[in-house]
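Take this structure first; my questions come after.
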Amino acid sequence: MRNDQRNNNDLRPITITPNFVKHPEGSVLIQVGDTKVICNASVEDRVPPFMRGQGKGWITAEYAMLPRATDQRNIRESSKGKISGRTMEIQRLIGRALRSVVDLNNIGERTVWVDCDVIQADGGTRTASITGAFVAVVLAFGKLLNNKAINKMPVTDFLAATSVGVLPEGTEVLDLNYYEDSQAHVDMNVVMTGSGEFVEIQGTGEEATFSYSQLQSLLRLADEGMKEINRIQRETLGELAGRIGETVKNKEDA
Amino acid sequence: MRNDQRNNNDLRPITITPNFVKHPEGSVLIQVGDTKVICNASVEDRVPPFMRGQGKGWITAEYAMLPRATDQRNIRESSKGKISGRTMEIQRLIGRALRSVVDLNNIGERTVWVDCDVIQADGGTRTASITGAFVAVVLAFGKLLNNKAINKMPVTDFLAATSVGVLPEGTEVLDLNYYEDSQAHVDMNVVMTGSGEFVEIQGTGEEATFSYSQLQSLLRLADEGMKEINRIQRETLGELAGRIGETVKNKEDA
Amino acid sequence: MRNDQRNNNDLRPITITPNFVKHPEGSVLIQVGDTKVICNASVEDRVPPFMRGQGKGWITAEYAMLPRATDQRNIRESSKGKISGRTMEIQRLIGRALRSVVDLNNIGERTVWVDCDVIQADGGTRTASITGAFVAVVLAFGKLLNNKAINKMPVTDFLAATSVGVLPEGTEVLDLNYYEDSQAHVDMNVVMTGSGEFVEIQGTGEEATFSYSQLQSLLRLADEGMKEINRIQRETLGELAGRIGETVKNKEDA
Amino acid sequence: MRNDQRNNNDLRPITITPNFVKHPEGSVLIQVGDTKVICNASVEDRVPPFMRGQGKGWITAEYAMLPRATDQRNIRESSKGKISGRTMEIQRLIGRALRSVVDLNNIGERTVWVDCDVIQADGGTRTASITGAFVAVVLAFGKLLNNKAINKMPVTDFLAATSVGVLPEGTEVLDLNYYEDSQAHVDMNVVMTGSGEFVEIQGTGEEATFSYSQLQSLLRLADEGMKEINRIQRETLGELAGRIGETVKNKEDA
Amino acid sequence: MRNDQRNNNDLRPITITPNFVKHPEGSVLIQVGDTKVICNASVEDRVPPFMRGQGKGWITAEYAMLPRATDQRNIRESSKGKISGRTMEIQRLIGRALRSVVDLNNIGERTVWVDCDVIQADGGTRTASITGAFVAVVLAFGKLLNNKAINKMPVTDFLAATSVGVLPEGTEVLDLNYYEDSQAHVDMNVVMTGSGEFVEIQGTGEEATFSYSQLQSLLRLADEGMKEINRIQRETLGELAGRIGETVKNKEDA
Amino acid sequence: MRNDQRNNNDLRPITITPNFVKHPEGSVLIQVGDTKVICNASVEDRVPPFMRGQGKGWITAEYAMLPRATDQRNIRESSKGKISGRTMEIQRLIGRALRSVVDLNNIGERTVWVDCDVIQADGGTRTASITGAFVAVVLAFGKLLNNKAINKMPVTDFLAATSVGVLPEGTEVLDLNYYEDSQAHVDMNVVMTGSGEFVEIQGTGEEATFSYSQLQSLLRLADEGMKEINRIQRETLGELAGRIGETVKNKEDA
């Protein structure tokens, strides 16, 4: 039994509240257990200088935590005057993951800025961010469709993320909370599409290692969890969910 | 009639949700119309180096906006690597205001960090921050009282803030929303105590000026609004409200 | 009696030396008691990017202290790599105040950079900066008039600033020196026009508060002082003083 | 056939020159094809503040490229005044990987600083850095053993890294050069121990995804390459290679 | 004839006003032609961490220009967030030069901070800074002698600096003004002691070179000028001048 | 006898390896005794904004040390977020020296970026950098000549640098190693052309001074050393050496 009474293959309760903030084109509050992240997708009608004139769009992400999202207060990165390595890793991961399921050729010369701001943290903030950001991005494209700014949903597939890991006693578990994460010998974040392909696998064994058979078990757990997460995303999106996949990305074009 | 159908002396609807984030000693979400700010008060068991060994505490505040709290997305201050002048002005104001109603000699060598994070902005974010931060700080001291870390509520009086201003056509109004604020010829932020004394007056006439009689009208409007805000703070605090004033600050000690 | 033998409503001796530095379009050394500030106004023939093409000008201010302008040496802000909150507040205030009496529509696409550098400090450096900067700006416009770069003095009224405050024993005083400022329970900076309108009121009661009747007394003191300061500015400006008010700002245009 | 005539499962030629720079405790130049990295391990007789007094050591890594290590000159990170997200990710990865095979309890309160400086880049700089850094660290511990500063080799197993990926036409390949890396649809860095356990898997499909069976093939290729790399490391280390594994890390202690 | 009617071996008029700012232990305004620099020497009763416990003192210098000290306004280094290479070179030079004539073993564990702030520039600001800073430092030590904080003047000899250069037409000149400096093919700053020894020679031929015989002529000019500058320093210092040389530095101790 | 058995007028062994890194247009590894510097010259087909449209080119230099190039590890300047004064001084010196022997009017609107990266330091890194950078720059221009991008070698003369100094016992020596440099009372860097003219003299007597006759002896030593260094540069450059001087710089044009 885990410290919060879940089975090894149980996700924590997930809720996704759409339109949480009024200004952004897409906005959700995602809660995964006690982890709460505001994911806002903002559409800007231009692309970074290095991409101008190609007729393509861009998606980029930023990630931050409120200072007291955690048990101990953290100094703001704006006060320190620089962004930590951890933050950079996470925001690069979120952006990369989202781009893997969006056909950037079909959104015009626009940038989608995705802001994931953690207001309460209890483990899994980066995977919750990806899961919530996906919904915010689809909502933002929904608004562009409504305004006839684009004419096809440019999102090719569902996208979600979760964590899996090996606890000290050797059990493999799904969706680690903060307590488990701080104890785990192996920690792996997995990003997958709705059709079950991998987008990103980041498995780390700090001061520990893991075998091929452990890897297999962990990926099986992730795959299971993903199906449930996709179901919740679909529910939140309602009608818009049906338009995902309208665009197919040609791998050779990538 | 104002653009949102209020009378000149009407506040927008205000709600204060206590215990909004689970980790901080004191936490509220304050909503003033469409302006929403998370105010977290974190207690740290030490003071800055320059204050050590004096047996006194300290209160300091930080303020930030989510990038898409506003109609146009703003670049994060952490990305820019520095804090804007506007942010600095606001966080210095919040800290100064809170310190005026707390007896720092009665909280031990502790620092109270107050974080005001605007998640949605529609004018008046700095005054909403002060009003909400006051409640968060009282909640935090309530926790210290419960833990017997302190034995008297060190808060000497209620504290709240609001804005008043002169619209282009010359009417004086209370609690400006973003639209009004961007039009106003004169903009004044007023911080007052529960007993009606001023803590801070910041009146500014960019590209305009104001007369002594206008000043008098504006301060009357502020005073009226303050009473209603104090009522809502009192309601949110419940029993703790009764302990405010338990400590009296000796002006000569200041 | 005050620590320097002044009456409560006495200003310190003020002298304004025009053309103090040879390169700037307008330059003065202002001395208010032992406070000495070099105020230089530099005219640049372009405006910031966000204002281009509107046919309007801009005025912006910077403020700094020499490291040993004060009793204890301060670390340079250039060495620290960032500007303090206090400096930002002051330079924003100076710029805002100057803009309130200049018709930016009548100076072409030019920026006036105002640099206030305190070489010796004894309280009231921000108000001395505003009072001196006003004269430097009029001198700079005088040079533009001479060169026929503009054809009307764009300054609509006189502008000056002073401080008022409440000393610990409760007396209200005008033009606080450093010793008084460090003791005062209430500190208020007032910026006014030659015709007696307010441009800015910043009243602060750190660890203290003030009543409406105290506010009234303080503003009366400020108003008195302002008349004397305007007289000295007028004297320094000589003939140019007569051209102030040649342009009238239409409040509706602001 | 690949652009440099290798088979899919061929590594590029690898040479590791020990004692390349004279000052560091451990120093190698590693060449993997045209990629050349200087890996220096410096031993400092103290640990970071947060670890003092625990009797344990620490290993940390930094990574940089000479500006013209690449085809186009890059601006120095010291000139930009900040470290890029890419650099941060890489140096965190190197440090984490090294710590997984060193028993930090057996090196005293010492920090090993590992500097990986790329002097010429042709793909795979992060994996070459890990492979070379491992040898530099063992050499540095060899010097401590010689000086009797420690009495057991604290390295528990061999450690090496390589990349695998999927080329646009779908073939899976080992050890991508720069040309291949810039084309690849899937890019995966794998860090493994001498006994075949995983330390880190980072698989990324930017604008593409990969299936479970592709993952299996890629990991098989990595596993093959690793054996050859370990052989070259062993050769470079000579006698010291025999002492690796003298210390066994207790997983429960991690 | 030079552009300001001087002969080749003429200095510009030099005046040194002692006690220019009231707070510093030593303060002068030095004017060399139209170049004006405030030189303040501040004594702090401690040394930097790396020197503690050695019973020795330290002298360090900082240099800056007001933004409009020059013909075109320069952006403040505090706004840019970093100090330029030129500024760093100059402040390192000033500090090094002063240390060459002060016996740091005889000033206790004190730091002398020398601030050279150029308020008006017309060439030769770094050499004027050295010449003025020397006087400010002697004044500061005079105050320490008065207070019995030290009992011997720790200054071993006079110190002054000037520039020499080669104009485009090939003539060698002393003490270049800004116009000459911007034209010169060779520019050399020379720092010398009262007894005619060199402390620093910095000769630079950007986009030009100079011969051994030109070097000889330039150094002769510098030597001549130095005698006149020492005379003015001596006059400014009055009685204190007589105490210079009271301490003799043992070269072997250096 | 010196600590490494050299005579006072002996250089350390010098080798220059051309084409050390494959990407840059010009690249050498220079070794002067145990000092090793990689000098890369990169040609970029544009100039900085302030030089555009003049038909001229620019040469600029950057200098850095690997953290463990020295006996004690140094913190990276990229980690500190700023470049030290020492680094700035050195890179400004290298750029200035190179520009003195290149006719910038004959290289088109191109920038040559020279990167000097010290991989092992034993004194004289700045002079080795200049000597090596000169060769790298000639190689880079050789490539432009080959590509017919330019049609004359724009380098007007040979350029090299060395150090001379006075050891504590008073002997004057050539080419100081690190041990000597740290002991020396006087330290002088001399940059000269192949025809024996001075480009730069930087003589410094920190906590010591030097006489005119010492200066003469030091410059004689430098002149001697320079001839040997030029011989080695000539040898490395082979045929390209013969083209140096093809362009003559008109001093009046400078």
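Note that the chains are named A, B, C, D, E and F in the order they appear, and that numbering of residues resets to 1 at the start of each chain.
Assume a contact is a pair of C-beta atoms (placed from the backbone, for glycine too) under 8 Å apart; a residue touches a chain by one contact, two chains touch by 3 or more.
Remember, it's a predicted structure, so these values are computed and weren't measured experimentally.
Between the contact lists of chain B and chain F, the overlap is empty.
In terms of the distance between Cα centroids, chain C is separated most widely from D. At the interface between chain D and chain F, two copies of one sequence, more than half of the residue numbers in use appear on both sides, so the contact is built from largely the same positions. Think of it this way: of B-C, E-F or C-E, only one pair shares over half of the A-B contact pairs by residue number, and it is C-E.
Remark: chain A and chain C have CA centroids separated by 52 Å (rounded to whole angstrom). Centroid to centroid, with C-alpha atoms defining each point, chain A and chain D lie 28 Å apart.
Shared contact sites, meaning residues of chain F that touch two or more other chains, fall at 81-83. Arrangement of the chains shown, judged by which pairs touch: one closed cycle in which each chain has exactly two touching partners.
Order of chains round the ring, from chain C towards chain E, by the touch criterion defined above: C, E, F, D, A, B.
On the chain B side of its complex with chain A, the touching residues are 21-24, 27, 34, 38, 40, 42, 44, 62, 64, 66-71, 73, 76-83, 87, 113, 115, 117, 119-120.
In the complex of the two chains, the chain A residues touching chain D come out as 82-85, 88-89, 91-92, 96, 99-100, 104, 168, 185, 188, 193, 196-212, 215, 219, 249, 251-252, 254.
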